[in-house]
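Multiple structures follow.
In the two assemblies presented below, chain A is common to both, partnered first by chain B and then by chain C.
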Partner chain A sequence: MSDIPKRITLQEWDLRYEQLEKAGTYEPDYGGPLSRHVEDGDQRLLKLRYDNSAAALRLWNFLLTEEDRLHQARAAGRKIVGTMKDLGTVPVMAYCFENIVAFYPDGAWWIPCVMELGAGLLEIADSLGIDESFCPVRAMLGAFVTGAHFPIPDMLVCSVGATCDDFSAIAQRLNGLGHPIFWWEIPHRRRPEPDETAVNLPGGFSAPKCQVEFVKSQLERIKTTLEGLAGEKLDERKLSAGIKKANQVRRYLTELRHLAFTAERCPLPALEMLIAEMLAIHFCSDRQETINVLKELLDEVTSRVRAGKGILDADAARIFWVNPVADLQVMNLLEDCGGRICGTEYLFTHALDIIPEDLPPLEALAQMALADPMAGSSIDRAERICGDIRLFGAEAVLISRIPGASHCALEGLVISEIVRDKFDIPVLEIEVPPVTDSMRPTVHTRLEALVETVKARRQK
Partner chain B sequence: MICAGIDAGSRAIKTILIDTENMQVIAKGLADQGVEQDRLASELFKRVLKKNGINKKDVAAIVATGYGRSAVSIADTTITEITCHAVGVHHLVPEAMTVIDIGGQDSKLLRLDTAGRVRDFAMNDRCAAGTGRFLEVVAERLGVELESLGRMAANSQDPAAISSMCVVFAETEITGLLVSGTASEDIVAGVQASIAARIISMAGRNAETPIIFTGGVAMVSGMADAMQTALGQTVSICPDPQMTGALGAAILASKQLKKAST
Partner chain C sequence: MKTIIYTCPYVPAEWIAAHGLRASRLLLDHVDSASMFIRTEGVCPFVRSFISEVMKNKGAGGVVATTVCDQMRRAFDVLVRKSNLPAFLMNVPNTWQSLAAQKLYIDELKRLSRFLSRLGGKSPSNNTLAKIMLEYDAARGSILTAREYLSARQYAEAIAAFGRNGPDQTINRITGTEPQTDGVRLAMIGGPLMKQDFDLFDLIEQSGGRIVLDATETGERGLCVPFDHRRLRDEPLMELADAYFGGIRDASRRPNSELYKWLQRELASRDVQGIIFRRYLWCDIWHAELRRLKDFSNLPVLDIDTAGDNDIEQQRTVNRIRAFLEMLQ
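Entry: the complex of A and B
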C-alpha cells in the first residue's frame, strides 16, 4: 500500500515515479513515467489529478499504451476486430480466439478531451457531415480517417437496433467511407407478455424467451464470421473458458466497486474507478493483463480500506454518477468540490454483471447482451440505479449528459423522477462536453452546490 | 458584531452587512460587474463601509457568493449562490418552499425544507434563454428600457410564440416577428412567457407553495405575472430580490463565525 493515499498532479507523479523505481517496484513492459504520454499529445494529462499508488500507475500506463499493443498484435499477425457499440458482449467472444484482439473504436470519443481538441478529429467529423449535433463519439470517424490513433481493424462489428441513434448514424457514415461493418441487431428489451416464456437476465431484468433466442441467433452469425476471420472453430469449451475469464474481470470489478463505494473513507479517486470500470468493456486489448491490473488495484484498495485510509475527507458527499463524462477532468472536479463517487451507472452495467456459467455459452452471452441498459427503457435503468443507491448509500445523484447523445431524450427526467420518488435525494443534471474549460465555473458551481446541499441535509 | 456577504453576479455585484446580534441589515450596496471582478467587489465593499461609517476591522467575516465568488479576494470563504439564495429567502420569507431565482446569466429553481435548507435544485444549461440576459437582448433589439417591459407586456393583446431554445436564434425570431408586423408588446409578452416556460420545465411536476421569486429579473415588471400564469400558482416577489444572495452570504458568514467560536 502507498504510504499516504492521495491525489497528485502529473508533475508530482514524476517524483513519485523516481521513488517507486528506486524502491524496485515491479513494472510491466508498458510501464514508465506517466508524463511521457504528454509527448504523444495527451495534453489533458497535465491538468488531471491522479491516485498516487503503483497500482494506479499501472492502470494508467495500461490504458495509455493500448495503441502500442494493437500495433504489436498486428505485427505479430493477429487479427484486430473493432467491436462497436455493444459495450461488452462481442469482446468476450472475440478473446476466445487465439489470434484475435478486440478493441473499442468508440473509445476514440475521449481523444478530443485527452488531446484537448488538438487531434482535429471533431473537425474531420464535421467535414464528413457529422457535426456537433451528434455525440462526441463522432471523433471515431476522424480517428479512422487519420489512422493515427489505432491500426485500421481487420473487421468491424457493430450492434444496431436498440442502441444510440447517433452512433448508428456515425457507424453508417464510417461504413460509407469504405470500412465495411458486420451489423448485428439488438432488439429493444421488453417485459414478457403473460403468454410468453420469461427469462431472467443478469442484472435483475427479464425478457421473453423469443428475444433471447433472437439475440442468440445474432451472436451465432458473429461467431461464424469471427471463425472465418480467425481460421479457427470456436467450440463451447473455448467459449465457456472465455466467459470464465471475462467473469474474473467482472468479479474483481464488483469487489472493487463495493469496496470503493461503501468504504467509510473513499479509497480510490473517481477517475481511476471510471477507467477500471471501462476495462470491462473490451479488456483494453489484453484480457489477461486486465485481470492483473485489476488484481493489483483491488489489493491496493483492500489494504487502504483495512487501514481506514482514503484520498478524501471522511465527510465527502456520497454521489451516485450516471453516464460517463466526455471530459475526464470533471471527475476530479467533483472531488475538488468535496464529493466522492458512491455508485456509478455508465451505460454498461451488463458488462459488470456475472455472465451465467451454468448455461450453454451462447445462450448466456445472449442473456447478458439483452441486459444492456441501452437495450432497455430508462425506467429499467432508473430501477437498477435505485437498487445501487440503496446498496452503496448514495446521498445524491448526478446525471452527466453527453451533448448530442441520443440514448433516450428523456432519460434524465425519467431517472430523476424515479430516484426522487423513492429516496427524496437531490438529483442534478449537468452537460459535459469533451473540454469543459470555458464552462468550468458553471460546472464547478453546480457540483459545489450539490455537495453543499447534501451536507446541509445531513443536519437534522 | 458585523458580518458581510458579497454576491459577485454576472451582471452586478451586491454587498450586504448585517448586525449579527439581531440579523438586521445595516448597510448594502450594488455596482455593475466588469472584467476586474476582484477590484470592483473590493471598491464596492469599501464604498459601502465608508458611506455607513463602518471600519473594515469591525467586519468579522465575509462570505462571497455568485458566479464570480472565487475572484473576491477580501472574502474569508465562498459558498454557492444556491445555498445563499435559499438562506436569504428563508430569512425574509420563512415559509418559502420553492425559490425561483433568475439572474443575469442563469436561472435556478430551489426546493427548500421547512428549515430553509435546500432539498434539491435545478439550474439552466449553458443557454441564456431563460435568464435576464434574454430580456436585455430583447430590450436592446426593441430599443426600449428594461423597466418598460412589464408595462409593454401588460398591453399585449396576443403574445407572440417564441419557440427558439437559444437567445441568438430567438433574436433572429424577434427580427422576423418585427418584419411581419407583430406588435412590440406582443413580442415582449411572448419572451416573458418563454422565460417562464423554461422555469416550469425545471420545476417538473410539482412546485410546492409558497413560491418566492428572487434575483434581478424578479424586479422586471411582468415577469412574476408570466411565471404565475405558467405555473398556475401564486408567485410572490421576494423583498429586495436582487440582494437575497448577498444577504444569505452575510447570514452564513455569521453562522460560520458562531460555529467556529463554540
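Entry: the complex of A and C
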C-alpha cells in the first residue's frame, strides 16, 4: 500500500479503501467507501479530487453522514436546534446540554453543489419568491419545504443585525412559512470611542464594553430559551466545560492551519482543509467525534510535514482565499492550476479563534460573537486578512464572490484596495455559483493567470 | 449652520435639529446610480446613488448612515475611505421586541449626539428638544391631514420637502383644496423612492389610478408616529426614540410582523384595490417580501423592479402599469 500523499478521484478511492480495509485501518461506525454517498444523489463527489489518507476518508465520511446523525439524535429523544447565521457561537452553548444537538440549516447552501442541482431546492426557493438574485443559501428554504435533507429542528435561533441581508430576508421568509424563529441581535461591531472602555476581542478586533454587554444580554436570552427546551439548567461550570471542548477543536485547527499553510510542501488539499475548518462551526453534530477526526487529521499532516511530503509541488503559488465557495470543485481547480492555499477567511474566523477561558463564560462567548468578521466593517476584515497574509506568507489574494450575497457587492473593493496598499500583491475576484461547470474555462483561466502572475513575480 | 445629510427614516431629524444643526434627508437621484465612483454589479441602485451623492456633496457638514440594510452598512466603509465628509454609522437594531434593543437605539442616539457635538452642535436640553419635536410633529400632522387634498405626487413631494428642509416651509407649501377621489385606489409599497420615481405617480394617474397609500420608505410609512405631548415634555428623548424606533414599520425588522399589521389596517381603511410593489434590484430585504405580500394581501400586486437605469426601464414600466390598471378598471 502506497502512503505517498496525493489527490485521487472517487474511483481511485474505492481501490484505496479496499487496501485500507485489508490493512485493518480503524473505521468509526459511520465509515465505509466514499462512493456509497453517490447513491444518495451526491453526484458532485464523482468530480472531486480527494486526499488519499485514512484521516481524510474519516473526515469525508463524518461530513457526509451528518444527516444520519441528526435523525439518530431525534430518534433518541434529543432536541434539535437549528442555529442560523452566527456561524459558531450558539452551538458552543447548545452542546453544553446533554440532550441538545445543534446544526446550521445554512449549510444547505452546499446541497445544490453536492447534488449538482438534482435536489431541486433552488427551484423551490424560486417558487417562494427567493430567486437567483439571492445568495445560494436560499437552498435552505427548499430543504425546509422538502424535509428531505435534515430533520425539521425543534427550535430555530437566528442572529440578525450586523448580518447579510440575504440570510436575514430568507430567514424571515422561512418564518413567514410557519417556522417560529428566536431572533437575537448582533450589533455592528465598531471601534471604541475615546471615552469608552475598550475590550480586546479574540482574533485582534476591539469593541466597546457596552457592545460586549449587549451581546451578553442576547446570549443570556438564548441560554434561558435553551434551558426551557432542554429542561436542564446551564450553569457556569457546564458552560465553561463546553468552551474548553470548543477550544480543543480550535486548537487542533490552529495547528492544522499553521502546518498546512506554512509547510514547504502543501501537506493537505484545500478542499479537506475547508471541510476541517467548517467542523468548528457546529461540530458536524458530534462534538467529541469532531475532536477525534481533527486529531487524526492533524497527526497525518504532522507526519507528512516531518517527512517533507506533500500533495503539490513545492513551487505552488501561495494564495490567500477569502469567502467560502458555493462549488467545492473550485478548491480542486486552484490546485490543478498550480496554486495552494496559504491562509483563509471563510467568514467564520471567530469560530477558529480561542475563546477566552479566564472570563465569565457568557462574556467570553459574547466577545467571540462580536469578533465575527461579518459583524464589523470590511476595513476591519481586510486588516485581519492582512495580518494572516503576513503570518502565512501568501503571495496573492483570491476573493471568491458569492452570487447575490449582499456583502460581496462592496466588500471586495475595500479588501482588495487595503491588501494592495499594504503588500503590493495581486488580488483577484471571481464569482463562484453552486455548479461552475458552464463557466469552468473562465474560472480556470482566471486562476491560471493569478498563479502565473505570482510565479512571474518571483523571478523579479 | 452645518447641514447633516441622511436617508434612513430611523434617523430622527428632530435630534439633529435640536443640536443646532440642519437635518436634511436626501432625495436621491437615479442619475447618480450610474456614477463612475463605484462598481455597479450586485450593488443596489439606491446605495450607489447614496455613495455618489455623499461624495459629490459640497454643502454638507456630515453624513449619517445606518445599519438597517447590509449594503448601506458596507457603503459606509466605502465612504470613510473615499470621502472626507465626517461620517457616522448609527446602529439601528433589527430586533425590536426586547428592552435591550430599545436601549441600544437610545444609546446610539446619545452617541450620535457626541458626533454632532464634535461637528459644532450643542447637546440639547429637554426643553429645546421638546420644542423642536413639537414643531416637527405639527408639520408632520399638517402633511398627513393634507393627504386627501393632494395628488400622490404632491403628497410625496411634501414629505420629501419636509425631510429635506424641516418644518419651516412645510405648512405653507401645502395648498390643495379639493379632495382627490378619482381613479383606481392603489398602494405603493417598498423601500425608498428616488427623485425620478415620483414620475410614477403621474404615470399612474394618467393611466386611471391613484395612490392612496404611499407605503414606501420615503412616503408615509417612513414617518414616525405622532408624539405623546404629555410624555414629550417629561422625557423627550424617550418619546422620540419610541416614536421612531417603535413607530416606523419596516421590512428589515425581525420579525417584521408589525409591518404587516400596519399594512393590513391601512389597506383596509383606504379601500385599496391593488398594490404597486417598488423595489431595487439587489435589495434582498424588500424583494423577499414580494411573494409574502401577494399571499397576505389578497390583492393584485404589480412588481416594478429597477436596476437604476430609468431610460431603459421606462417604457417597460409604463406598459406594465397601464396593463395593470386596465385589468383593475
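Heads up, the rule we're going with is that the second predicted complex is superposed on the first by the 457 of 460 C-alpha atoms of A that agree within 3 Å, B and C clash if a C-alpha of one lies under 4 Å from a C-alpha of the other, contacts with A are read in each partner's own complex, and residues count from 1 in each chain.
As a convention for this text, contacts are C-beta pairs under 8 Å (C-beta built on N, C-alpha and C of every residue); 3 or more make two chains touch, one makes a residue touch a chain.
Just so you know, these numbers come straight off a predicted model, no measurement behind them.
Asker: Under the stated touch criterion, which partner chain does A:184 make contact with: chain B (first), chain C (second), both, or neither?
Answerer: A:184: touches chain C, not chain B.
Asker: On the A-aligned overlay, A:129 touches which partner chain: chain B = first, chain C = second, or both, or neither?
Answerer: Second partner only, chain C.
Asker: Taking the superposition on A as described, I'd like to know which of chain B and chain C A:169 touches: first, second, both or neither.
Answerer: After superposing on A, A:169 lies in contact with chain C but is clear of chain B.
Asker: On chain A, which partner touches more residues: chain B or chain C?
Answerer: Ranking chain B and chain C by residues of chain A touched puts C first.
Asker: Have a look at where A:439 lands relative to chain B and chain C in the superposition and call it first, second, both or neither.
Answerer: first
Asker: Report for A:161: first if it touches chain B alone, second if chain C alone, otherwise both or neither.
Answerer: A:161: touches chain C, not chain B.
Asker: By the touch definition at the top of the document, which applies to A:417: first (chain B), second (chain C), both, or neither?
Answerer: Both: A:417 reaches chain B and chain C.
Asker: Given the touch rule stated above, what does A:332 touch, chain B (first), chain C (second), both, or neither?
Answerer: neither
Asker: Output the chain A positions appearing in both contact lists, the one against chain B and the one against chain C.
Answerer: Chain A residues touching both partners: 413, 417.
Asker: Per the contact definition, I'd like the list of chain B residues that touch chain A in the complex.
Answerer: Its residues touching chain A are 67, 70, 79-83, 106, 113, 117-123, 125-126, 204-205.
Asker: Of all residues in chain C, which touch chain A in the complex?
Answerer: 38-39, 41-44, 47, 67, 69-71, 73-78, 80-81, 89, 91, 93-95, 98, 100-101, 104, 107, 111, 114, 252, 254-256, 281-285, 287-292, 294
Asker: What residues on chain A touch chain C, complex-wise?
Answerer: On the chain A side, the touching residues are 128-130, 133-134, 158, 160-166, 168-173, 175-176, 181, 183-185, 187-188, 190, 193, 195, 210, 214, 217-218, 221, 377-379, 401, 404-411, 413-414, 417.
Asker: Which of the residues in chain A come into contact with chain B in the complex?
Answerer: Residues of chain A touching chain B: 413, 416-417, 420, 424-429, 431, 439, 441-442, 445-446, 448-449, 452-453, 456-457, 459.
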